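Each chain gets a letter, A, B and C, in the order it is written, and its residues are counted from 1.
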Amino acid sequence: MAELAAEAVRVPAGVRRTSLQKFMRRRSTIAFAMTLPLIVLIAALVIYPAFYSMYLATLNKSMQRFVGLGNFEFLFRRATFWMVVKQSCIFAISAVFFKALIGFFVAHFVHTTPTKGQRKWRGMLMVPWVIPTAISTIGWFWLFDPSYSAFNWLLGKVGVDPVPWLGHPLWARFSVILVNVWYGAPFFMIMYLAALKSVPEQLYEAAAIDGANWFQRLWYITLPMMRNIIAITVLFSLIVTFANFDIVRILTAGGPVDQTHVFATWAFLLGIQGNDIPLGAAVSLFMLPILGVSAIFILRGVRRRAIEA
Amino acid sequence: MAQSRLSRRKLLRTTALGAAAVVAAPYVRGAHAAGRLSIGFWDHWVPGANDTLTKLCQEWAEKEKVDLQIDYITSQGNKILITIAAEHQARSGHDIMQMPTWEPLDKADALESVDDIMQKIIAENGAASEATQYLGKDNGKWVAVPATNGSQVKPPVARISLFKQHVGWDPTAAYPAGGTNEELAEKWDWNMFLAAAEKCHKAGFPFGVGLGQTTDSVDWVGAVFASFGAQLVNEKGDITVKSDETRQVLDWFKKLVPFLPSDVFAYDDASNNKWLVAGKGALIMNPPSAWSVAKRDNPEVAKDCWHFATPRGPKGRYSPGLPYYWTIWGFSPNKSAAKSLLLHLSKLSSIEKMVAASNGYDIPAYEKALDFATWREVEPPKGTVYHYPPRGKQIVSLAAAPAPPKIAAQIYTQATMTKMVAKCTQGGQSIDEAIAWAADELEGFMRT
Amino acid sequence: MTAVTAGDLGRLKPARRGSIQKSRRQALFWSYVFLVIFAIFFLTPPIYMLVTSLKSSGEISAVTNPWWVYEPTLENYVELLTQNQFLVFFRNSVVVSVTVVIITMLISVPAAFALSRMKFWGSATLATGVFLTYLIPETLLFIPLFKIFAFLRDVTGIEFINNWWILIILYPTLSVPFCTWIMIGYFASIPKELDEAALIDGAGYIQMLTKIFIPVALPGIIAATIFAFTVSWANFLYPLAFTTSADQLVLPVGIVTTLIKGDVYNWGQIMAGSLICAAPPLIVYAFLMDYYIAGLTAGATKG
């Protein structure tokens, strides 16, 4: 299972071509046919709507007139829009940073414990990721409730004033990031744990003999060996976090005063609740450039690994 | 070859599942003679109130032989607003849809005119209140039927003992059940409210009045704005937010906020209820739902609650109102059945049943329906909701009035007024900056 | 953690071993300390949800110790499970998730096989392209999809919106790319000798797939199935946007939007419902944890 992750042997294309021409042609058709449902699904429900949303973003509110870039101009003039941009970026970057950091350290700790006990720890620590996000966010919402917060009750016991977890803009932003980190760190942990296991033990022993301390071993051996996996997971998580909807929607619905809105929730508010579909589409489209840039980096990373493998 | 085998398998599976689903789906009954009717009602928080409404509908359905499907949709999380918006966009959904405040006028061109049945209803029930007429008529013709369930006002509900002890003013003396003590009531204006808020804050029982983005917050803030005469947009559609009245009212809020709990800016519709029921606050602005929950969960607090009139402002005594309407979508295939049902639900006897089932929470729109026994009887304490329906010189206020409906709907759902308050208090901006921001927002609402 | 310096190493062997042992023991001690702290952090919300779900609403309002149940009661669970609405949510979730898993596997496995084994024109681009579609988030697509389905309704007369089976059409877009990606990785690691042996024996491609690849790559298939199930079970945005009537909702949306009534919450019931919703993925995870984790890691570390 995890061992399978180790090698991916690539067969040079020439081996197959020695077969009959007819056979190859048949294979092509069959192969294409087998991928057809996949292609149809993606084309119809992902690619086409993505382009359609670009078209929608060029219409007026009642969707009867073509206004070109009018919606975008309108958005650029609104202070709230720039606030949402800023918030989405801060949210994504800080959440991913902490997730990666915590995931890395926890993976390290689990790796240090004897192998027999690791399964138990892995099991416990993965729980946040397994529970549906919407559900665990409701749990956090209850923990942060202004009147009944269990955290504030504990703080009260040690004489600290109740914290407006969702009421004050700074605390609200903190809470949203906290829940996202809570939810996503296990994913990083499990990835890094697998990668840690694939670092050969001899390297560490050799370093120890050469007199390397803990930090040096981390910096010169562990991190470089894990560079690829770190890059992939960080990029992947950036994309997913950037497009996050559930947590913000349930925890704060974008408040207070729009200060925790991210693109997805604001698009929902404007597009579906505000009955202005073109504007909602326009807002969502702003995610594309960021996603595009990340995609390019991921592609490069993937190609690089494929060549190295 | 592989592909066709695969897709046939998939097709069979999907069809089989689809067929199974149709058979297994609830609410599918045998065909009835006069067709089907699907209804989206507001989900009443009072346990049992939904059942009374369902029974009323079913007794009609049995007589008319119509197949009914009723959905109760909550207003929490704006679910009902989202549903309305989705059905409006998709041009399909329920036949009858319940809508709050500005929605009927905002969606007026997609609604079926109900002027014909309204004439009959008014003939029997008496005139509808001004506020209800304002929001239900498009160009003089009714496009929506005032709903009983859910129509509410949000007056103050206070803890009698705390007010007596810390404020030195007894709401039960000023607003006893059965009448009003004019002398004591005159004193109750927004300045006294401010002073009372300060005293209760010092005593450790602050007012839990919300400044968030849901209807509880928007409605009461809208009433304060109205009572100061501050209009965001006038009837003609001009932006009039930059006015002295607006500065006055924001100034008042700036004085109030320090006496409120710090998370009022994130309050949703349930937060002020929880504040009262947990015994933490001396006053909230809410319909009797909070008191009803206290009856169940914290009877000591419930016995101590009194609902009374909203404070007076420079331009009058405005009570925050939230009327609901029953509307018929233009795309409904069964409009005649829908109209017949709404006539049945608007009979005085039906209205009385709904008011009783809601413990007096529902406020009917018609003259002849405002004196039911429920408001006098419900307890403890007896008479606590007598002053809940707006009486005397109180005007029912609609947040964002008198702006044109499409703009008002946005001011309402985007909570522009409470956001203005938040910006010049918690947000640290000056009053003029908050007003400038609002003007910018309002310009955005003018989009077509 | 003590630094092992060159000085230490110059001494006799037993001393060096002792130093390493001590530093290892210290590292282990600190690891356990931090692991416990993080375990508390990760497990607090679910445990708190459990505690709340065992309280009556009176006890919740009374603001006694929120972390402990003084009078545990199962009334929240009983009320939920005897109430038709919640069972409808559960049923919808089960039907949707199971169907989507089946459809996903039917699409992913053949596609992965074709892309990993049978080189045809564009297969390499398609393989990376598949993964890239994962980068177009649902939060971008739900608005245009909404209009598309409304338009389709006008054209075909079939009501798409506000029906739970629309989710069966939509969810595969979320699960298929990643599952295909996982399967490609697994298939790619199956030795080519098996292929050639089968070909020599006269097997067609379909037989190769069913008789060799699927059995050998079964762990990968299980991992992909688990992933598809979890994603379908937990999805929130699509059902929120596309289903509104109570009998069409799936569990996550049902709990969040319907168990919360008017301006009064019943937290005990909400938490009980939430735990019931969290249970299936947790149970699947508990029994198939190794496959689950292997699937995740394999999908990412494979080329």
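One rule holds in what follows: a contact is a pair of C-beta atoms (placed from the backbone, for glycine too) under 8 Å apart; a residue touches a chain by one contact, two chains touch by 3 or more.
Quick caveat: nothing in here was measured; it's all calculated off a predicted structure.
Chemist: For the protein chains shown, what form does their contact graph take: line, ring, star, complete or other?
Modeler: Shape = complete; every chain linked to every other.
Chemist: Give me the two chains with the most inter-chain contact pairs.
Modeler: Answer by contact count: the chains A-C.
Chemist: Farthest chain from subunit A, comparing Cα centres?
Modeler: B
Chemist: With centres defined as the mean C-alpha position, give me the subunit B-subunit C separation in Å.
Modeler: 39
Chemist: Measure off the straight-line distance from the CA centroid of subunit A to the CA centroid of subunit C, and report it in whole Å.
Modeler: 14
Chemist: Could you list the positions in subunit C whose residues touch two or more of the other chains?
Modeler: 60, 63, 106, 110, 146-147, 205-206, 240-241, 256
Chemist: Multi-chain contacts only, two chains or more: what residues does subunit A have there?
Modeler: 30, 34, 37, 148, 272, 277
Chemist: Can you tell me which residues of subunit B touch two or more of the remaining chains?
Modeler: Where subunit B meets two or more other chains at a single residue, that happens at 2, 6, 10, 77, 82, 86, 89, 274, 278.
Chemist: Could you please specify the touching residues of subunit C with respect to subunit B in the complex?
Modeler: My answer: residues 57-58, 60-63, 84, 88, 91, 95, 99, 102-103, 106, 110, 146-147, 149-150, 153-154, 159, 161-162, 164-165, 168, 205-206, 240-241, 244-247, 256-258, 260-265.
Chemist: Contact residues on subunit A for subunit B in the complex?
Modeler: Contact set of subunit A toward subunit B: 30, 33-34, 36-37, 60-62, 74, 78-80, 145-148, 164-169, 172, 252-253, 255-258, 272-277, 279.
Chemist: Considering only the defined contacts, which subunit C positions touch subunit A in the complex?
Modeler: On the subunit C side, the touching residues are 1, 3-6, 9, 20, 23, 27-28, 30-32, 34-35, 38-39, 41-43, 45-46, 48-49, 52, 60, 63, 65-67, 106-108, 110-111, 113-115, 118-121, 123, 126, 128, 130-133, 135-148, 169-170, 172-173, 176-177, 180, 185-186, 188-189, 191-192, 205-206, 219-220, 230, 233-234, 236-237, 240-241, 251-253, 255-256, 267, 270-271, 274, 277-278, 281-282, 285-286, 289-291, 293-294, 296-298, 300-303.
Chemist: Okay, in this complex, where on subunit B does subunit C touch?
Modeler: Per the stated touch rule, the residues are 2, 6, 9-10, 13-14, 17-18, 21, 24-27, 40, 43-46, 71-77, 79, 82-83, 86-87, 89-93, 216, 269-270, 273-274, 277-278, 286, 289-290, 293, 296-298.
Chemist: Across the complex, what residues on subunit A touch subunit C?
Modeler: 1-2, 4-5, 7-11, 13, 15-16, 27-28, 30-32, 34-35, 37-39, 41-42, 45-50, 52-53, 56, 102, 105-106, 108-110, 112-113, 119, 121-128, 130-136, 138-140, 142-143, 148, 150, 153-154, 182, 185-187, 190-191, 194-195, 198, 208-209, 211-214, 229, 232-233, 236, 239-240, 242-246, 249-250, 263-264, 267-268, 271-272, 277, 280-281, 284-285, 287-288, 291, 294-295, 298-299, 302, 305-306, 309
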